[in-house]
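Below, chain A partners chain B and then partners chain C, in two separate complexes.
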Partner chain A sequence: MKQIPKYFPLIPVFAAYAIMFLVAENMEGMWQLMSMLLFYCALGQAFNVFMGMTGYVDFGYVAFLGVGTYGMALSITRLVQYEFLGAWIIVIGFGLAMVMSTLLSMAVGAVALRLRGAYFAIATIGVNEGFRFLIEGARIWNGSEGMIFTADLNKVLGRDTAAALCTYWADIMVLVIAALAAFVTLVYMRSKIGYALTALREDEDAAKVMGINVTKYKIIAFITSACFAGLLGATAWALKTPYVFPPEVFEIHYTIEAIIIVMLGGAGTLLGPVVGGLVYGISKYYLSIFLPGFQLLIFAPVILVIIVLFPEGIVGMMKAKTKGTGMARFIV
Partner chain B sequence: MKRSLVGGFIVFMFLLAGISFAGAAPDKIVIGHPACLSGKFAKAGEQAVGGIKACVEWVNTTYGGVEIGGKKVPLDYKYYDCESKKEAVTSLIGRLVSVDKVNVVFAPYSSGLTLRGAPVTESRQMLYMDHGGASNEIFQQGFRYVVQTIGPATSYHEGTLDMIHKIAPDDKKVALAYEDSEFAKMVMLGAKEHAKKLGFEVVFERTYPKGVTDLTPLLSALKASKPDFVLGGGHFEDGQLFNRQMADLDINTNGLSLIAAATLPAFYKALTTMAEGVMGPSHWEYGVKYSAEEAKAAGLPWIGPSQEEFMALFKKHTSEDMLPDYHAAEAGAQVLAYVLGVQKANAIDSTKVRDALGSLKFMSFYGGWDVDDSGLQVGHTMVDVQWQDGKRVIVWPKAAQTGKVCYPMPTFQEKAKGVKAVPK
Partner chain C sequence: MFFEQLGGNLIQGVVLGAVYGMATMGLSLIFGVLKVVNVGHGAFIMVGAFVTLFLFSSLGISPIIAIPVAFMVGMGLGFIFYYTTIRKLIKAPELATLLATFSIGVLLEELIKLIFGSEFRGYNWAVGKIDLGITVLPMSKLYACIGSILIAVLLFLWFKKTRAGSAVRSVVEDSEGARVCGINVGGAYALSFSLGIGLTVASGVLLTMFIPVGINPYMGGGYTLKAFVIAVLGGLSSPYGAFFGGLVFGLIENGSYTLFAYIPGVEPFALTRFLSFVILLVILLIRPTGILSAK
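Here is the complex of A and B:
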């Protein structure tokens, strides 16, 4: 029972997800909007595990979503011929997405995590482009032609189930990933890993002197974050959009969006990515409706102003304001 | 007895109301479109929106509206900016269908974004018209409500090959050298199949990576295969490099056709006389001669504005200095196809309109229109453009041509001396 208050900060996060789900279910025309917002929240939450907790900015983050997409795509397209597997090819796809994103994060981490600050950022910039050119140049996994697998999904699951998977269940899975990422973030925050990561974020050299194996903890956060990205790619990009073209899944602007969401909400906070994802997604959506074509012109300065006014992010500012009050237990 | 009579009367009145409601023409028909107004496809998206607005205005004013149930109904066009991003495509389609209650959804630009929206429209049994996704594979996925207006990628070089087959029957050897991209591969797959069908011999085939800076090894190998003509390219930069290095290596063939690059004015500006005689396929070019007379000659019904009317309406909805390109034309032609589909079905129900579109054939300023059972466009012929004395001349098909083809084109040595590509 003593452990329960430890998990109080999950209440606002899960409440936000539950409200989004209820709005999507009960309000006509809101499902796709909510699924977009959930994607941004999940992206922020997954990215926050590494960037928020370590302070390292990984510009190659989208590559993990990309390989996760490929994991699911490969499972569906290569295993479709084994009819006895049925819907298990989706489960295998998730497994493959996790394995592939973990392997890539280990390979990238082994090199890049030995660097710091700007050097780390520069080293990771090329990861997504490099991986894309590897796939296209070496012509692996269909090379530049990519894979389209709606027909394969129809074959395995039947047309109606496949349609439900693309338009409903894939979104539910994104919700589960977002919730899971929040849970893992809190577990890390409340454990030795979190304390070590906080120490290294504040002063890496001092943390080292204190005997913390900073490389080990950085790798743990990096792999965890990459794993969630892989799952997100497998779900939001492969199941929701049954195709994969290399230029589309290794597009750097998704990394930029992840950075904006985390910064906007509050890096290193639990609630931050949810707030950041919602603010970012809702602003973009309604600006594109009321001012089609001009939304980015308005949105960019608004983001700048928010970041300048609240350098710790919206939740960071809320944390400071609620310090010492009863609310502090919930806003982490 | 009396009570049952009253009950029967009430049921009858409800049925009658239901029938009259079902048969009634709507006040307006709404087209929904998640347009690419920003992001990487912004240029194409802006053109498409301009083309759609131009044709919607033509339908509402000149044509008098869409005839349904004996009544003329105006079109309304609702669009949002999807920023060329897949997440926004699905959320905006959701809004268009549920909140705006559109009657048809026009897909955004590119095969990827078109595919992203397809499951959403399919699940709602909503007609989804594709004017910017050229991949044939979209139509091999079993979608029921996707209908294409743009020609498929595999048909890009069909016209070029048909033309050479007709004007130079002795030229049999073709070389294919193209960018390693999904689009170029699809184009060349179609070209290869069509070439074989026409009896051509593919003497050389090789791809080069994106962002290539030196094509000399590939072009030297191509030269050794002694082709009569070459089909190649992928994008603007590599197309330009292709042409320049063919000149450097003095590789002279009777014809050279480059996808994506050769139709752009910047291509000639960059290469000047080196570009003389170079051809390129396009979905549509300003200057095409498609007209009501051509339609009559081809035995097809005609609908829509003339090219000049389209141009004027397009400028009205965009800016005076903006010229429509094929992105605008194909999107505009899609409006016309939808109008004819609704009129043929005499309904706005997506399933009925989809069925009607399946059996529809017509010609507009964009050219022919006809889709097969899968929704793939098979009635539209690409036009082939050739640079002649610094001007883009449409040389194929005959129904669209603004001039005769110059074949064989002058050699690079002749071009360096100022010889222009002039048809004999």
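Here is the complex of A and C:
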């Protein structure tokens, strides 16, 4: 009996995803919007595992998505010649995306996670720039020319299956990743990791004195978050648009988007990234229709207002409002 | 041949390095006094570049005059952002000020894009050049270098000789103690923040003398990273450390460019930017305690 209430907070999150899926399936012309919203929710969920729980801001987060994109791209372009592998190269691509984002997160984490606050931010702000210029400068993985693998994908899967993968199954995989990230977040929150990270977020020195191995838990959260980013890059970028160019996949604006989503919804909450992703995605979508090119101009002051006036985010405020009522079980 | 090339590039490196140093002093000043990392640093440099471009292209005013104009613009922006956001976040967790300065940077970029458009622009300030034998140095770059050194000296004198300067120094030493002694700590914060932003915007003017056609709203990103590397080289909280860090960085950047250009099959420019990232991580790795204790 005790196990059931533990996972109650997943109900609103999964309900939101289910509604998005049903709307996309059944309403004409909604698929594109819903797939974008799903991507933002998933991005927020994945980013929240680290930023929300630890309070550290990783300004180089998009590098993990970029590396995941490269993982999938490399698998498809380099393995396409081995015909016996068939569609397995997609599976291998996911594996490679995870391995590569894990390795990068370990490398970055080994240096950056020794640092705190401002120093951590400074170390990570260069990560995506550094990685992008390594790819371009040393001309590895086709350098600045990038990779286009539409033809390879068609060759392996056939034109129809490849098209279905790009337009339908990639979005379904994003949905699965988003749900998985939410589940893992809750598992972490309800385990030793979550308590350790909460202690760390409140006061790192005190947590250390209490005998908590903060480094260990920080690394776990960092790698988990990076892994989800890698998977997301492999699906939402590599499979949906079968090409990869360094300046595009290491574009810092995606990191800002992740930060906005998490802050808007409420850092360190389970429901926050979903609410943030929906609010941000919907407003971005309609702004791009009514005021194209002005999204960032509007969002930048919005973040400032949130930081100054509502540092807890939407879900943080909801949590405070529903405290003590029956709703509190669902909002975490 | 190689050594001539290296020597020429190193001379260019020193000249550029002085400007880099000047461009980082504002960042270090703000961190030193307020413990705020200005993640939107590059955007303020970009504003300075646009001030220069506007004055020169539209009004025909020399970039020399643009330096004080940009400084005043920067001071103004500094006061606005200090009193609207930064002041409310001084006591908040670091996360808040990082995100706030980041958003301020984005806001500036988007505003400038709205006014001037997003295409690359430049201007041509032809004031002759001098031939040093191994390299040719445009006079505009030399003026930028001299200007940087002058501004660094002026800042030094301001700190040492004026009441406001010593008030800021005492706040850095011990903000509680300064408050007890009757120093307006809030005022010192506001002044340091705006001074830092003023210096940064002014440095944007000097940097345009090195990038004749590279002015656009998003040019700042690369400078933010460079400024962090330089600031960390110089110890992050000292404006003078930043100045010397800039000189060292200019030498490393131009020297390594010469070396990378000899490796076949690589893009030397991209690699120098990768190298600056590696330097950043290495310094943070080998001296994290040293740098942290400077806090």
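Just so it is clear, the second predicted complex is superposed on the first by the 314 of 332 C-alpha atoms of A that agree within 3 Å, B and C clash if a C-alpha of one lies under 4 Å from a C-alpha of the other, contacts with A are read in each partner's own complex, and residues count from 1 in each chain.
What we mean here is this: a residue touches a chain if its C-beta (ideal position, glycine included) is under 8 Å from a C-beta of that chain, and two chains touch if they have at least 3 such contacts.
Just so we're clear, the structure is a prediction, and the values are computed from it rather than from any experiment.
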| item | value |
| --- | --- |
| Partner chain(s) touched by A:Gly55 [first = chain B, second = chain C, both, neither] | second |
| Contacts of A:Val308 with chain B and chain C, given as first, second, both or neither | second |
| First, second, both or neither for A:Leu296, with chain B first and chain C second | both |
| Which of chain B and chain C A:Gly143 touches, first, second, both or neither | both |
| Touching partner for A:Pro242 - first (chain B), second (chain C), both, neither | first |
| Which superposed partner A:Val209 touches (first chain B, second chain C, both, neither) | neither |
| Chain B/chain C common contact set on chain A | 133, 136-137, 139, 143-144, 296 |
| List of chain C residues in touch with chain A within their complex | 31, 35, 37, 39, 84-85, 88-89, 92-96, 98-100, 102-104, 106-107, 109-111, 113-114, 221-222, 224-225, 228-229, 232, 260, 265-274, 276-278, 280-281, 284-285, 288, 291-292 |
| Interfacial residue positions of chain A with respect to chain C in the complex | 55-57, 59, 111-112, 114-119, 121-123, 125-127, 129-130, 133-134, 136-139, 143-144, 252, 256, 259, 263, 267, 294, 296-297, 299-301, 303-304, 307-308, 311 |
| Sites on chain B touched by chain A in the complex | 35, 37-38, 46, 79-83, 86-88, 90-95, 97-99, 111-112, 115-116, 118-120, 122-123, 135, 137-138, 140-143, 180-182, 185-186, 209-210 |
| Sites on chain A touched by chain B in the complex | 28-33, 35-36, 39-40, 133, 136-137, 139, 143-146, 148, 150-151, 154, 159, 163-164, 166-167, 236-237, 240-243, 245, 248, 284-285, 288-289, 292-293, 295-296 |
